[in-house]
């Protein structure tokens, strides 16, 4: 249990190369659980390595409990880590892999045995304890890697995609275990994941990275509901948010967005205008697939008739795709409510939830007064819409 | 179930591909069968004959072995080999590992130091033997030098002490071969997956225990190579003994290879020489084969 | 120019003086229009060369000529590998030129198979007179007791009395000298040539071993493995007083610019005056097919005995010529003395083959004797009374 | 971030340097001796400074070993290359393409090389004689290849054993055949072991005396035989300065190989691109 | 394009070890897309390796286009594969890694260059082409591994968790790309995944494995709606199906399940009885979280009042957990509809969708007449309920 703070951390892999981490500022309290997400290659693993002391940072400082540890060696930082590449000790059995860190910390062997047994049970690898890593499947290896970290009681846990090779069921179980363990032990944790559910449910805080820059830092709900920019909005949520470029207009003193499905048009009311300035401005309207439903009647407010172009049953839901303003828009419906391709249906927008982004910068426009101000960490990059 | 066994057009090229691995090792296999085992067999046959000056094929049964067993010199040589081999292999491995690990610590001028360690290997055993004979000679070398420099009581006369001369051979042999062991281990160390080292660092292992418990165990194949090489050198260190002590004082520093050579070629007792070669092989068989077995039995990776 | 034939010579005459002498031989052969192909193999007093020779023969590719000596000639002859030189011998009157002992050694089954090139005397004692003077010794020892006395004085004066290298053949050189001195030529012959049990286990043998032990107390402790020439150098440098060594030791003295008779003295090993242990080098010829090559072999055989070569070669080697008709005035006093003693001993029947230099026995027996002797000398508390029996047992098991 | 010289690093460097000094002593002795006059050697002590520096030993040594030096090159270069190539191929088969009995074969190969070389002299020369290769450099190359192959195979096999076989699998699916996988996938990552192997083989062959003296005759003899003839004379005066100079000349090529090869050790780092 | 058939394939990793694959029977038509799912260590990678010819099968036959290829060497099978462990060639650049397979097949170098460029663009790794694998992030390595396979046009593609290390957004893009590519090229494909969405949307067929045995083989909809047994039901779907053990009863000639939330009870009607035998029998009732909603009124049919014990907002949905018959039951609600912890609400069951499983064997009971018969492949293991 320790607080962790990064102060304008920079990291470059070589003098010729561009910085992989750019001015990272982050601070999490003792016992907090931080989720790190971002596209592949954005620097998540690099950041983890820097915190663990496996890569030297080029500039800045890393503080644990207020003490600068930038120069400390990995073994003195008391951190446990799950590596994305597992990095199991090939010559040791699974048992010894898990026990190694404990032995190094001079735990009595009876206690080690107990701990190994506990972790093995938790991860369902009891029957594999005497195998060598080369005799394990991918997911089994990943669980051993996990076990190696969980057996210890460090100041900080670092998990780099620890569940990526597990099946959904096991993943849910593991997720629950991690969550419970965290609630019990309250160990400060940084956790990299690509799984939306994990990102949303596991952590106290989420940091969204892109190209070595932290785009937004906040609670899961903030990130989901009030993304700082187009990138965060598009990155979080699966299926992703729909983005419809359009020009804002003023109708009866209210700002509206005009939608056109080819079959019909509708005006989406956008709450009170903060300033005159938005009138006639080009923006990108964001709405999530689950925020579009089937309207109860033909003439309902903020609803539009549209033709279904594609349907995709995912099991619990069915996704349908329609064209609005010449943009493909995804809506998530219950399987029963889902129409056939080519059918038309009346779609209902949850106008309260609609977000607006600046078409140039990608920044979210602080339109709706009722929302909390957007929280962000560090430097926010200009977002170049793609 | 009738599987249509149209095991596709097995073109000659396909067959070739399948046999390729075996074809590639075939020449070696042939060479091994003739050059190693054929000759071993021939030596075995000679050891049962009365061959003396030149090979002859008159069968005398185990007579040559009886002679060998009666020969005090043979037992001295065998005992020497045990002492020499054990110390030489052990010390070379320790030095090899130690210095390789130290060299692995991003040392300045690593290349230069490495070359210094390696150069003794460049010299032939004859030169090594001569040089060390001088250095260890009580009247000429280190012993004299230290006394010349005023350390009157100093006495280092192992080379002329029948009970200690064998350690002199060990010193010279270690000096010569340990550099190669260093190179071997260094090559191994450079190939270790860095992510494993990282994991161990996180697990709180200090540098020594990372090496001892993570890296070195994964260098098991390198140990294997080194042990094979070193025992090969130990068993065959003929030139070294010839140049350094010629088996003396008396025959206190004789080794089986020397013995075998002497009897086969210098003394015209080829039968005894062959018998000694077979005994040597037998002993190696007893020691080495279990080791070979345990090393090779396992799966691809450990 | 086309060569009339080639003779390849395997030998171990590689040191400075020897190489120079061999060059003379080579030039003479070349002058006659033949080609000399040199295969010098040094090491282990010829054992490396023997190894080469054996493998060459096994591969069916023997050289034309090889340095082979003593009883080895008989072994090679028995394999029917050596060609007869009777033709050359007859043409050049070898039977007249050579002593009977030498002729016997060179013949297999009554035919010449080798040509002798020199005769070494082994039972010499080399003395540095200056050191003797410093130690207060006025005359060279002629008996063992005198030797001991001299040794004690030298030791007291802070010199190494007896320079020696701890190698088996050197140990045995001293040993055979003692056998010759204590047991006389007949006893020597019985012991080393006939391997007579009674002689070998006699009390006299115990005496020999006791004397050996005594002598080794006059040698320095660091001698193990030392080359003989380093021991000689100790005498030359005045660190040691004496050395028991064959006449090749002279080459070291000569190289150091010393003159026999004045700077150093050579006397027979104490107790062996009148007896002579010899060591004869010879070149044997292998059977070849090519006529030209055979002619080359014959030319080599002839030239080897010609005075021109005999002079140069023996002066370089420290030995004496094998033919008895040469003018010895060109040689130094030691060589002259050696020649006289040789002739005398030849007549008196006190000429004995050197065991330590493979003239008396085959290599197996020699090796067995070496083992016992050298082990005795390196073992501080070995029992002299057991030595004879050990030698006998060793010889038996080697035969 | 450059690490400061901590006490432990200082200790490491000190240890390495002391060890280096120990390794160097014999070389210093030889060098000093080779630069002394014979007189100086006779009178002085082995480790004493030469009274006058002279190159006479070196000149003389070179005149003796000159021709033989090139014989050795002619023998060593092909023998080293062939045995290394064969060893690499064998090692590849024995680690990646195991077949029934391949382990046994490897074990036999290793065991066989413990046969003392002296025992093979006669049968080998008989065999070479039968093939008409007696006393030819070809014969000598052949012998060196045969008796070097066990260790070259050992080196490569043990190196390849730790290469993940997923690599070979991927390449097989990519359509690469036996030799392509070897040449394109494994060989590029073998630099360190190739160097080790070359060093070993080159020293073994270059310094070989036994085979050289027995299987090459006269003018075809390698430098070690010439060196031996120089150093190992039983009678006559010894010229230690020449001996030592000759020894150093004989050792020079191997030294050069080491200096050259050492650089390449570092280049063969196989990076951890393969997980699991 | 080729059909693929496995006939009672067995595979054991060693004579001492138990079979890793047990009697696998599978058959997919030319151009079909098969999804392979199953818990970690069940033998998926092993099966892939066997198809590719990288592991010899112990027994059975593998047929491509009706020809037994069990003995053929991997390079003659014309199969491209993405390895779970990437297996990139460490000494080659990314470009050469991708081009290698093409060079091997003697494609002209201009064409190779074009193909590499195309694949690199597709996978968004153009800027990495000249790097070595060790300089890539985990996801980048995985994309290169993918590129190596996609550059070729083999008879069969094998993908072993090819997207597990990618972020959700990229994953969706890649998934779409793969789907489109498959529609265009119609190359027979076997695809291992742990991702529910991939499993449901990518494939024509799904095979569910467990312990080396195929549990069910069918279309995604069949697997989702008509799981063959408890295992399949629990394995597919995230969050997983709820299982409530109970005893069936007969009321008014209809079979009902009695639910008890502590606060209230309800009788769930289970359609017509096929046989008398089920009356009074112990079964396990299965219902998916999305099949439980908020009832419109208090007295609605098949609804029950229950207290919310846990809530878990996942972004698009909120999961709530209640206790029914002493079993924790998960319901998926829209975030707006979600109550607070401790509140009670009236839950509505979609009784038509309820499944019943035998409590002993775990086999699904073919209760509802309207459902299609369950399709299964090969041998179906007895399911031991946990």
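Order of writing sets the chain letters: A, B, C, D and E. Residues in each chain are counted from 1.
Just so we're on the same page, contacts are C-beta pairs under 8 Å (C-beta built on N, C-alpha and C of every residue); 3 or more make two chains touch, one makes a residue touch a chain.
Not measured: the values here are computed from a predicted model.
Asker: When every step has to jump to a touching chain, what is the lowest number of steps that links chain C to chain D?
Answerer: Between chain C and chain D, the shortest chain-hopping route counts 1.
Asker: Counting only C-beta pairs in contact, which chains form the busiest pair?
Answerer: So the pair of chains linked by the most contacts is B-D.
Asker: Counting only Cα atoms for the centres, state how far chain A is from chain D in Å.
Answerer: Those two chain centres are 57 Å apart.
Asker: Based only on mean CA positions, could you tell me how far chain B sits from chain D in angstrom?
Answerer: Roughly 14 Å separates the two chain centres.
Asker: Averaging only over C-alpha atoms, locate the centres of chain A and chain E and give their separation in whole Å.
Answerer: 23
Asker: Considering chain D alone, which of its residues make contact with at least two other chains?
Answerer: 121-122, 164, 177, 228, 231-232, 270-272, 275-276
Asker: Mind pulling the chain B residues that touch 2 or more other chains?
Answerer: Those would be 17, 55, 193, 195, 218, 261, 265, 300-301.
Asker: Spell out, as numbers or ranges, the residues of chain A touching 2 or more other chains.
Answerer: Expected reply: 85, 87, 138.
Asker: Contact residues on chain B for chain A in the complex?
Answerer: Spelled out, the residues of chain B in touch with chain A are 193, 195-196, 198-206, 209, 213-214, 217-218, 220, 299-302.
Asker: Enumerate the contact residues on chain A facing chain E in the complex.
Answerer: Touching chain E: residues 13, 37-41, 44-46, 84-85, 135-140, 142-143, 160-161, 164-172, 194-197, 200-201, 220-221, 224, 234-240, 288-290, 312-317, 332, 334 of chain A.
Asker: Spell out the residues on chain A that touch chain B in their complex, using ranges where they run on.
Answerer: Listed in rising order, the residues are 49, 52-54, 73-75, 78-81, 83, 85, 87-92, 100-101, 104-105, 132, 134, 148, 152.
Asker: Can you tell me which positions in chain D touch chain E when the two form their complex?
Answerer: 164, 166-167, 169-177, 180, 184-185, 188-189, 270-276
Asker: Which residues of chain D touch chain C once you look at their complex with the stated criterion?
Answerer: Its residues touching chain C are 42-43, 121-122, 125-126, 128-129, 134-135, 213-215, 217-219, 221, 225, 228-239.
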